[in-house]
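Chain naming follows the written order as A, B, C, D and E, and within any one chain the residues start at number 1.
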Amino acid sequence: MADLYTIEDLRLSLADMTAKPLFGHAPRIEILKGLSFTIPKGAVVGIVGGSGSGKSTLGRALVRLLEPSGGSVRFDGHDITHLSEPALRPLRRRFQMIFQDPMSSLNPRQRVGTIIAEPLRLHRMDAIPDRVARTLGHVGLPQAFASRYPHELSGGQRQRVGIARAIALEPDFILADEIVSGLDVSSQAQVLNLLERLVADLGLTLAFISHDLSVIRRLCQRTIVLHQGQIVEDRPTADLFADPKAPYTRELLEAIPLPDPAQVWV
Amino acid sequence: MNLNRRSLLKLSAATMAAGTISLPSFAQAIDELVIAYNVNLPSWDPTVGPSAVNPTIQGLYQSVFDQYILQQPDLSPAPGLLTEWGWNDDKTQVWMTVREGVTWHDGSPFTAEDVAWNLARVANPETGSPIQFVWGTLANHRVEGNRVIADVAQFDPTIFKWMYFLTGYVLPKAYYEKVGAEGFEAAPVGTGPYMVEKFERNAFVRLKANANYWGGKPDFDTVTIKFVPDAAARVAEVESGNSHVTLEMPYEEYDRLKGGPLAGVAAPISDIGMIFLNDIEVMTDPNVRMAAAHAIDKQAIIDRLLSGYGVKIDSLQTPEYDAFDASITVAYDEAKAIELLAASGYGPDNPVKFKIQTTRGFKPKDYEMVQAIVGLWRRVGIEAEIEVYEIAKHYELRAADQLAPAAFYNWGNSVGDPTTSTGFAMFGPSPHSVWDGEDLIGMIGPLWGEADEAKRIEGWKAVDKYIADNALVIPLLQYVQPILHAPGVVVTPHASGSLLPHLMKRA
Amino acid sequence: MSFLSIRNLSVRLKNGPPLLRRVSLDVAAGEVRGLVGESGAGKSMIGKAVLGILPPSVQITEGEIFLDGTDLLRLPPKESRRRIGASCALIPQDPLTALNPSHRIGPQITDRLVDILGWTRANADARARDLLAEVQIADPDRVLRSYPHELSGGMRQRILIASAFAAEPKLIVADEPTTALDVTVQKQILRLIAGMQARHGTALLFVTHDLGVVSKVCQRLSVLYSGLVVEDSTVPEFFASPSHAYSAALLAATPKYTDPDAGLHPVPEAVVNAVRAEVAAFDRGPAHG
Amino acid sequence: MPFLRILLLRLLTTLVTLAGVAVIVFFVIRVVPGNPIAMMLPPGATDEDIARLSALYGLDKPLITQFGIWLSGVMQGDFGTSITTRQPVLGLVLGRLPATLELAIMALVMAVLIGGAAALIGTRGRGTRTEGAIDVVNGMALSVPDFLWGLVLMLVFGVLFPVFHISGRVTPSLDLPFTTNFYLFESLIRLRFDLWADLVAHMFMPALALAIPLAAIIGQLLKQSLKETMNLDYVTLARTKGYGETHVIMHEALRNAVLPTLTLVGVQFTFLIGGTVIIERLFSYEGLGNMAIDAVINRDLPLIQGIVILFAVIFTAVNLIVDLLYTVLNPRLRHA
Amino acid sequence: MLDARVLDGRSMVRRRVGVRLWLSALWLGVLCLGALLAPWIAPHDPLAQDLFLGRMPPIWVAGAEPGYWLGTDSLGRDVLSRLLHGARVALLVALAAGSITCLIGATLGLLAGFLRGWVDLVISRLIDIWMAFPPILFSILLIAVLGPSLTSIIIAIVVIDWTRFARVVRAEAMAQGAMDYVASARVAGRGRVGTMLREILPNVLPTIVVLLTLEMGIAVIVEAILSFVNLSISTDDPTWGGMISEGRTSIHQAWWVLVFPLIALFLTVLAFSQLGEGLKDRFDPVLR
């Protein structure tokens, strides 16, 4: 299988404005400290880590919402590390993102139909109403929802709209950033099932960011464990769960509360 | 529904008694006279800068400084610091006799040296004297005993009138040279009836009586003059008893208060309201000018708008002035106005159009008066558009001869000489005149240097007659200055419009 | 009688739908009861009603809340506030917003001791130091002088726990106390709460949406759906065999990393419809009277 | 070191701001029609007189040269000489500044007291008629410009119930032992409460007129921000501790709710200072505003420049102080 | 599937449509109508004076002149007619000054808040400089420069008040710019300008609308203030500020000349601000 993404020595740092001296540049905080990995076409890769591990930053660097400060990100042969926004635009259709908070990632003043149709229009796709209808069907939302506003929907429904917007463009790659962490268990399961089905049906490549190993285990073939901006483990999911190598991975696994009184902590 | 102040006052008596703040009341005898004055005093030097020519603050200067010649309340001159004065026979020299025994506020004696120094100072262009063009007609000032003699560089028949007009003040030579301009501003010294005890800029000036004043010690030992530019605040000041005397309030307020707890005087002053006509556009047509003049019912405006406080005038001279001629009249005649306009092809259906400029709130009812005039004009077929300008803009436009065809303005002339009324206002070459007709220039020209006083006055009367007949300007009225005061004070109004504390007496 | 006894408590939004439907439950002294349900099920409302901090838009329509035998809802507001303050405490959800940013940590722990219970400042300070040591904070003196923003999330949650235990309350309401934390921190905090609860013998009303968490700290649990208590069992009973179809489905939907297939069973639509019908029937009929 | 850093950074930008103000002011007022020379010409003056006086006041030079002269003077602390008063501008404006500052501060104190009380009462009774009533009063207070409040106050407390002085800053007949122009503060320091009472009796109406609109804004904003704060977790937590509503508002919510209000009050306070121009005129109060109107009427160009720049300095200083206060009150910024 | 409406109780709370919103809209509507129809419905020519009918009291007071409902001023002009014609000026100033101020201020604020960088730096500095001017003194100066006229008043208001919009819109645009929906627009491939206009602007719009209504009220007040220092419009067309300033001198003789325009001014400013508040209330739930 060919690699869709090739990431080499990816570094990303942000200026620390709180420590900026009066003159001169602010010191930089390194968030990603040299990551190298690949994402093969058609793969579902899990990216897991605690808060502050840099997993969301990595995700945003992959879809170039953030510009890396070092290393390279290649997408399907294109070096997109420092590509300018206009140059990036034609490629944008091919990698999409689903955001963690469906409330803030959906424009509160646009109807669901518009939210899904807008990206299609931007990329001059044809038969937009058909595509919107089809996409709503894909994510299991009634057609009537096209005329609703985001604040009229439940959390699970909003996240479906977020998914619909991403898949409507028929991208090659989707980044899902903590997309179920704000949902109830029941909706969580529904959204995950949906995503799993879509990946299979549409032949998508998926990077799935989560802090929840239980979810990763079901969904992903490979898991990358991030800790403090570095990759501590990058292995097939089954191996990783069977035999965690890195101490951090082990700690993470042991901290998950199983719904089972037999697992005793106290 | 009139707000009944007295009944409410009774109600609030308890509040006042309980309060810690005690305010003066009418019942108390006046120890310290408080006057609410309508303008701020910017500068203490009455001879240079814009303040020197600002007529509204001359009263303040006259309290502290003496003029060369004293002007009495009826505008007539009387011996002041100069006891006698005149020209030599061939009018090549002027002489002045200086009063003896006068002292400055700092105790030093006043001498002829002071007078000579002052005259030389204001004649010097470098000092920034705005009246240098008058004082410059005298040169080579010298002292001979208690007389001051100066050569006449150019004969000006009004030179002695300027000695009780703008910038005609005597400052102490020695003191001024010692402390300099800034020091003088901080602590001015004069020979006047009052001495400056304390001056707070934009707030008040406190005056103390000059016990050694040559004209006798004034009645009130202490006088505080508060600067209260807002008319409503001034009224509130006297109404509440915070001040004893104030001036320049709306006539309605004057009428309301003078019969009540306050007394009032309202006397005509040497200040007139007039409409400048500029010889441009339609104003070059004598019919339009005359129609405009005849269409104004001055008496109705005075009665209705100014509550009767005003004296109708038809020339630029008021009855107090030297060249007043009662025979010059311009009657209110609507029919004649219509007729005149018709002669030039105008009528109510085809009105003549021009712009009239006016200040607003600069003089009592100025804007309202112009509105009323425009209303009267509309009836005969004159469609005038009102434009409000600020006084500063008026000066600039007038100096540049760019006034609108008609422009409302007021003109003060407290010496009553025709040169300073008709002369400067109507003489084409003067920067103050916007009427440039050659015939008038020819009439006025010879009068400037006319040495024969009787001939000179007659000449000016002829000019006024010519102006009235041709409607080269529209004189409207002589203002009446309303003064409200507590019953405990007797106020003598001065026809120059200056409110002079040393003329006030205890009742 | 139990220390906390709620009887037929109904709560609704003013001019709006019911949020709690005749809820009854008991918490015995020293017992830990979990309150479980999806968002909007009304589980937090119960805790808020007990502590008298319902939002103004919400009103209690019926029921009693007995605290140590006294019905709080019958007491004058001042008196009920005093009683709650003296015998109850809250561990809030978000440690980042639950500490007043403009006060130092010390007073935030001791204020109740000094102002409400009349301790001397010195005694209260000593108590605060002991408590911080008990929640395993190194250098308590420095922390007491700090402002909240200078401390990490885990640290702040420890402080909130310490503060909750400060006055030796009989009952603590823990409102999703670990939801905002990383799993590794969550484990430490849960251990801490459980340990302290056991040591102090405090009753605990533990509100959470996570059945995994419930299985770690609770002895009994109530499952709510739309303000209705659908299950009230002991923890071992529940995890062995839930009595209500809805709570069983909820348990099935909870992900379990040990089982590759677990966690992707949404609550079946039939179950949802059934439990909805139950709520509707409740609203209709006076049967529960 | 964020405190010092903010201070330095703000001082730097303040300089840029003031430079911008200086340039704009200079050129704007040069195009104002009506020149000061025309104002001082008496009847009978000639065109030569105009030229002579223009040269005397340096108004005959090209604009850019005039600007250069003025700017180099300003750099040396010389703001030129006022045309009407013939005094150095700097001394004049600094002499009037204390009066205006005292008035503004008095108004601010009043506004904070009235607005703060309204906010607290409104928060205490939120959702009830009390809050509604306070909202209505606030709305009304905001809908009347300050000078109209001045007129109303003058009529009520100056004439109908003459309890306060209508004009001026202090009774002229009083002997003032002061060494500074900050009468109000100095009278307190010297424990001359008789003078203080007299000053307050003069200041009360203009200050209140200025304060009413600001009080309404403070009331509105603080109430809103208090209400939001009252929903935060730490306030809820405080309630469970057994504290009463008033204690919760005052002790827990107020300090945090004040922060967002503070920035806006800073901006509004500068508006209030700007409002002194009209109010001082109305009450014949001896401050900068009163002087400013005279300066505009008389086209006293150097004085106008000086006053506008001084106002600009005050405004930026107020904003600076608010920023620093914000830093001080917000522990997050203080210790970060 | 769970119904969102049951789960999210907030959407079930019926929002009280503000009485004050309707009242203020009603007053402004009446005012607009009165202003538009003034030439036809005003009982008299607002400029027609009759010096013999000066200071007639309103119709319900003894001594009133029939046909002059709200009395006459000192020149015998009908107060009601002047009030109606004054409403034209007031509304014109409110609309023109309000919308131009809004357009300029909001555009600059949006650009600064969204584009950041040097654009923000320049605009922010400009705002700082502008805010350092004493507003009333500056407007008096400006009117002195431009000469008193309707256009001058509008220009003065615009020149002075655009910062009000710029500051608030800038802050709001910054806040909105940090939201994920903006990031998602980028992911979808939207350009900067497109994002600003299609994503940010609609979300900043409610704030702008509220500010706009406030500004309209302020514009009415500014006209009154400038009238107070005799710097309002220079023709003799009636304005409320001018009427107030005229009426002030004869408050004891003819209170109606002052009181009616004062009430009209007060109600209008109040209505504008309440309209803003009401609109904010209406807009708010969408954002939450």
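Annotations
Criterion: contacts are C-beta pairs under 8 Å (C-beta built on N, C-alpha and C of every residue); 3 or more make two chains touch, one makes a residue touch a chain.
What you see is a predicted model, and the numbers here were worked out from it, not measured in a lab.
Any chain touching chain C that also touches chain E appears here: A, D. The chain with its Cα centroid farthest from the Cα centroid of chain A is B.
Measuring from the averaged C-alpha position of chain C to that of chain D gives a distance of 51 Å. For this pair, chain B with chain C, the centres built from the Cα atoms lie 86 Å apart. One finds 43 Å separating the Cα centroids of chain B and chain E. The mean-CA centres of chain A and chain B are about 85 angstrom from one another, to the nearest whole unit.
Under the contact definition stated at the top, the residues of chain E that touch 2 or more other chains are 2, 7-8, 144, 147, 248, 251. Contact of a single residue of chain B with at least two other chains is seen at positions 3, 232, 390, 392-393. Annotation for chain C: residues 38-39 touch two or more other chains.
Across the interface of their complex, chain A is touched by residues 2-4, 7-8, 11, 179-181, 183-192, 194, 198-199, 202-203, 205, 285-288 of chain E.
By the touch criterion given at the top, residues 47-49, 51-52, 54, 61, 74-75, 144, 147-148, 230-231, 234-236, 245-246, 248-253, 255 of chain E touch chain B in their complex. Within the complex formed with chain D, the residues of chain E that make contact are 125-126, 128-129, 131-138, 140-142, 144-145, 147, 217, 221, 224-225, 228-229, 244, 248, 251, 262, 266-267, 269-270, 273-274, 277.
Within the complex formed with chain C, the chain A residues making contact are 50-51, 155, 184-190, 192-193, 196, 211-215, 217-218, 238, 241, 251-261, 263-266. Remark: chain D residues 13, 16-18, 20-21, 24-25, 28-29, 31-34, 139-140, 142-145, 147-148, 151, 155, 267, 270-271, 273-275, 277-278, 281, 289, 292-293, 296, 304, 307-308, 311-312, 315-316, 319 touch chain E in the complex.
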